[in-house]
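Comments concern the structure below.
Here the chain labels run A, B, C, D and E in written order, and each chain numbers its own residues starting at 1.
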């Protein structure tokens, strides 16, 4: 069943078009990688889905509902959780407070579930537990990255979108993040939408892969099959203008 | 937009070899000089028009506008380049205004009104333009001394510290009766009612601001405004660059103070306090804090707006009937318009841009 | 021989030891690597070396002379440059001006600084970016500009904090070539912090591994790759799967 | 000595209460709300009928205290929320300087609106006269009103701090304060949360208006200005965003002012404020982050 | 022009000063209307032009220039010296006579503007001196305390007059037992009150040199603290509109040029008050209405006597005036002082919240120039 679908979505910054007419859809419980070189428009696309960047054109639906002009908080409340690029932690809050910010939308009733979730995040990232009462802004770069991923998981989303999860993470931690995400997919039917610059990880994990370039989708297919194919190389190194 | 992708062909000469190809002398100055020239021409045009109309109240209005231009440009030099919002600059205007008063009032009046002044000042009576220069220097020196202490601070702490300076100077000037006349007005300052000295003052301020902005210090300070950490890592001594801007802008504010004194003929500490602070700051922010053109155009536009609203308040005759806004609506309208402008253009009318004739292009 | 060194440097934050008795030496013309898990203290070490953080114990020495008490801008003027984990470009300034700032900060005239900035951009192969406003650059270009900014005035040492983060394989390969040229053509001593293990191991002559503020291993790349300790504390699957960056470089 | 302490506390509590309102909004929006002073004036002028006569025509001012106090607090809260909806909402992504000038312009509008309705002549009104009674504590004399003010300030501080630290609303508010769009991406209804903060701040303004009005018996359109200015300074030297810091600094400012008044020789007394501001500069130089630096004001490299 | 005489008002018609300028303007208008109704001045009707200073100094200069451009023969400027001076200076430059409608600083005249400038009111020091002398002579006050609000020159002026008078009274047995200062905007004067409370004995009289709005707050706090001394003020605290702030206020004294409370000994004042009410719909709010009337009155008399509106001649006639009777007390102008160094004051007492005239006082000698210029 289709969970998220985009039709002809464009994003513009003034005169610059960062995303031009992109369409794709994500099925429930799917893993979808979005890859592509620097400046391809991946982050812009994510922000447009999350509702924080305005779509210049096109239509986005989540669960069949049109969310193109919806407020970000309402999109989040529909079960879409987004980890933006560049670690947006609440620096002045403690680590644990950061984790709790997103848990309000369940009405506070499910205290037990929140506690369980917290325990499992701490389990994945023990360092966060150690620093739970420390100020989040003082964490190291990688620790902050763990925090934002943990924070997104705390909202118990149905669809999680992560913009470059491996950014600044030590390789073994990156492994753990992926393990956890894949486990959640199996346990809860979580749908994953992951932006990575390099296709390596997609090839390793498997799943579907979109390759963006110049604001457009240039390749769409099974990650393993596409692999290190000619097409990918061309996409990264081509210099044609658009 | 991958046009920026690097090519590996650049196995070129190491940078040092290319460094011989320096741009021509004054290339930077030549490239940016259109801005102050255009801004000055704008002011000259206004002045000539005013001169031609011959209306005395309008003449006085335009004099006010030029004084404000001087002050707001002075603010811009520090605030625009350093990003530190200063609430204290009007203190330098106060210093300048009183200095001009001390130097130009008839010695007989001075001896009775301000007996606490040192004898050599009591005996002195200078022409207004000399006093204006000295006032500017005096304010600049004060800025140097205060800035030495204050420029270590940044952000809102610096804003409050500068405000504290303003409040201190205000309290001192409002109570040091023998030297400043206390809260009572200092009178006898020669009033200059021709427009030209004010025009010249404003143009001097504009060129000073421009020269500072393109200087090494100006560039380093603008960099530190956005990213102090990275600027320090680039070798920029932030407090020092701030101090430079503080002194230059302090001097311009002092000049503005002298002009204020000569345009009205009386000074009181009150003239140089919160009211003036906020109106000048507003003009700067509405015009665009990060641009010299914004500073000048902000003043001109807001002043024009105020003037139009005043005419409307006084009543305009359309087809035999006079329509007048109720008294007091002018200020409300001004506030609303300012909010609307800022809501539509949060970084001011001009943002970071400058007016030039040509598109900004690097000569490479 | 000239060198920049940290001698038994320790840093403690309230209730937390970020570095304990770390020794490290960087030499001109050589590329050293610094890796370690998140929170190991790598950035903190760079902060100490560049005057942003004063060590609780130990000292930083340049050619044997202590740098204690110098402010960051003074350290930079001694020829020790750095980049930041986030780009930290001057967002409102054009790219050339970003580089120019360093020149000016080091005492050049603006004319000289512009000339060197343009030459530097050319040399790095990103001359076309010169007029772009830095705030609108994509992530990866930001990194390159930041490196260019740090290279102004030909520093003797440059400390790069995760310059390849968020770069794809081919982009990392280009970066790798650039770093090599920085060391060889400019004679700069490079300290490279990266989580891209392939990049580090392919590039560095000497690698230091930090964990919980202490050095747990150091040596040549091959030794690090095979160290069980490092594999356990840090590398995970990366040691096996990441293609070494040299391979990609050659592939081009 | 005790008398001096009480004098200091009673002046300080007014500043402290003002500082709370400012610090709250600053904490939430990085906005230095210059309109706060005018909200103070407005909420108490709401007790009068608009008239340009010198004599005040009392409207709600005759209500019994248990209606009058909520009335003023609600007026303050409503006006403050209205400001947020009509104006500040459009400045979510603007720079602090822009917001500050916008708030100043807004204050200007409110002020001139009042001026048009009431003229600049101060209006007199006998507000809560019962509070003028002096009480004796340990031989020191203190008007009941000031005692109430001091106690109320401390209670409000405690309640607010607990509220912000312990409740979800507080957490969401601080999160929205720091990164508005990220908070929304986490499902926080950030606009509502910020509106809540404005309501509290507005009610605080109402409280100041009441205290000030009953203390001076005079309603002046400028009345909020000087309290607001001191409160603003207290907010900064207290440590931006730290409510206890703001309150502490408010009390200290009051104390400094009273102590200087008592101990300066008569010739230097008119210069009192210069000394107070000098002290402010010294505090800032020695601890630029403020007396109690709030978490998160430190930024690591 | 030849047909009419023009009076220009460069006063605040909006903003903070408007509340003070407007009543004086209205009173001046009443005098102008009277003159016009009686056939005009030099046989010509008086025409009025106005320009708004918006309670702003820089605007003041423009307003002055604006009424001058409209041909004003007399410029009435703002009530307060600071706000009126720019317009008055413009008039001085243009060789036109100007009157401050009710400024009480010595600068509102020769000293602060020039030889063509006058004020319709009385110097502030006269008020302080008169109150001290009256309290000593008529009320038997022996111990005095001085509390100065440093906000304005006006406040300081009242206390200057008091300071000049005090040594004379001390020779006769009075005593100054203490002094203190505060600022008008101070939210609380608790510290100042504590100092008064610390005196061994409550002073007989407190000379309170202040004005609205801080003055009300100070009075309220003094009384709330249980200090019941008589409080002496300048005219600035006249008016009943603020009395509700201090319910049942007593023992509170103000000097006024005439009474707004309907009990003025001079029946013509009552007639004026009625005329004022008829014109504006409200009773005069304070005695500061009256000087506006006086300004036009003395100027028009001088014009009649000079037979011209020519500044030099009019000023010469004005300077000849010695105890020239007006509806609100005699006026004297000299070539040194275009202001009143002495005046006949009515003393108003507020008793249980009700103000009323309780006496009349004229200083035993005019305040000398040194004290005025202090």
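In the analysis below, a contact is a pair of C-beta atoms (placed from the backbone, for glycine too) under 8 Å apart; a residue touches a chain by one contact, two chains touch by 3 or more.
All values derive from a computational prediction rather than experimental measurement.
Minimum number of contact steps separating subunit B from subunit C: 1.
Listing every chain that touches subunit A and subunit B alike gives C, D. Set against one another, A-C and C-D show the most C-beta pairs in contact at A-C. Of all chains, the one whose CA centroid is most distant from that of subunit A is E.
With each centre defined as the average position of its C-alpha atoms, the distance from subunit C to subunit E rounds to 76 Å.
Subunit D and subunit E have Cα centroids separated by 36 Å.
In this assembly, the C-alpha centroid of subunit A lies 42 Å from the C-alpha centroid of subunit D.
Averaged Cα coordinates give subunit B a centre that lies 31 Å from the centre of subunit D. Contact of a single residue of subunit B with at least two other chains is seen at positions 1, 3-4, 174-175, 229, 327-328, 331. Annotation for subunit C: residues 43, 52, 84, 138, 141 touch two or more other chains.
For subunit E, the set of residues that touch two or more other chains comprises 14-15, 18, 150. The touching residues of subunit E, when paired with subunit B in their complex, are 13-15, 18, 51-52, 54, 57-58, 60-63, 65-66, 68-69, 81-82, 85-86, 89, 93, 105, 107, 111-113, 150-153, 156, 373. Those residues of subunit C that touch subunit B in the complex are listed here as 50, 52, 71-73, 76-77, 81-82, 84, 88-93, 96-98, 100-102, 104-116, 118-120, 122-132, 137-138, 141, 144, 149-154, 174, 177, 181, 185-186, 252. Per the touch definition, subunit B reaches subunit D in the complex via residues 79, 85, 149-150, 152-154, 156-157, 159-161, 163-165, 167-168, 171-172, 174-175, 229, 274, 278, 281-282, 285-286, 289, 326-329, 331-332, 334-336, 338-339, 342-343, 346-348. For subunit B in complex with subunit C, the residues that touch the partner chain are 1, 3-4, 6-23, 25, 27-28, 214-216, 219-220, 222-223, 225-227, 229-238, 290, 352, 360-362, 364. Residues 13, 16, 35, 37-39, 43, 85-86, 127, 134, 138-143, 145-146, 164, 166-176, 197-200, 204, 236-237 of subunit A are the ones that touch subunit C when the two sit in their complex.
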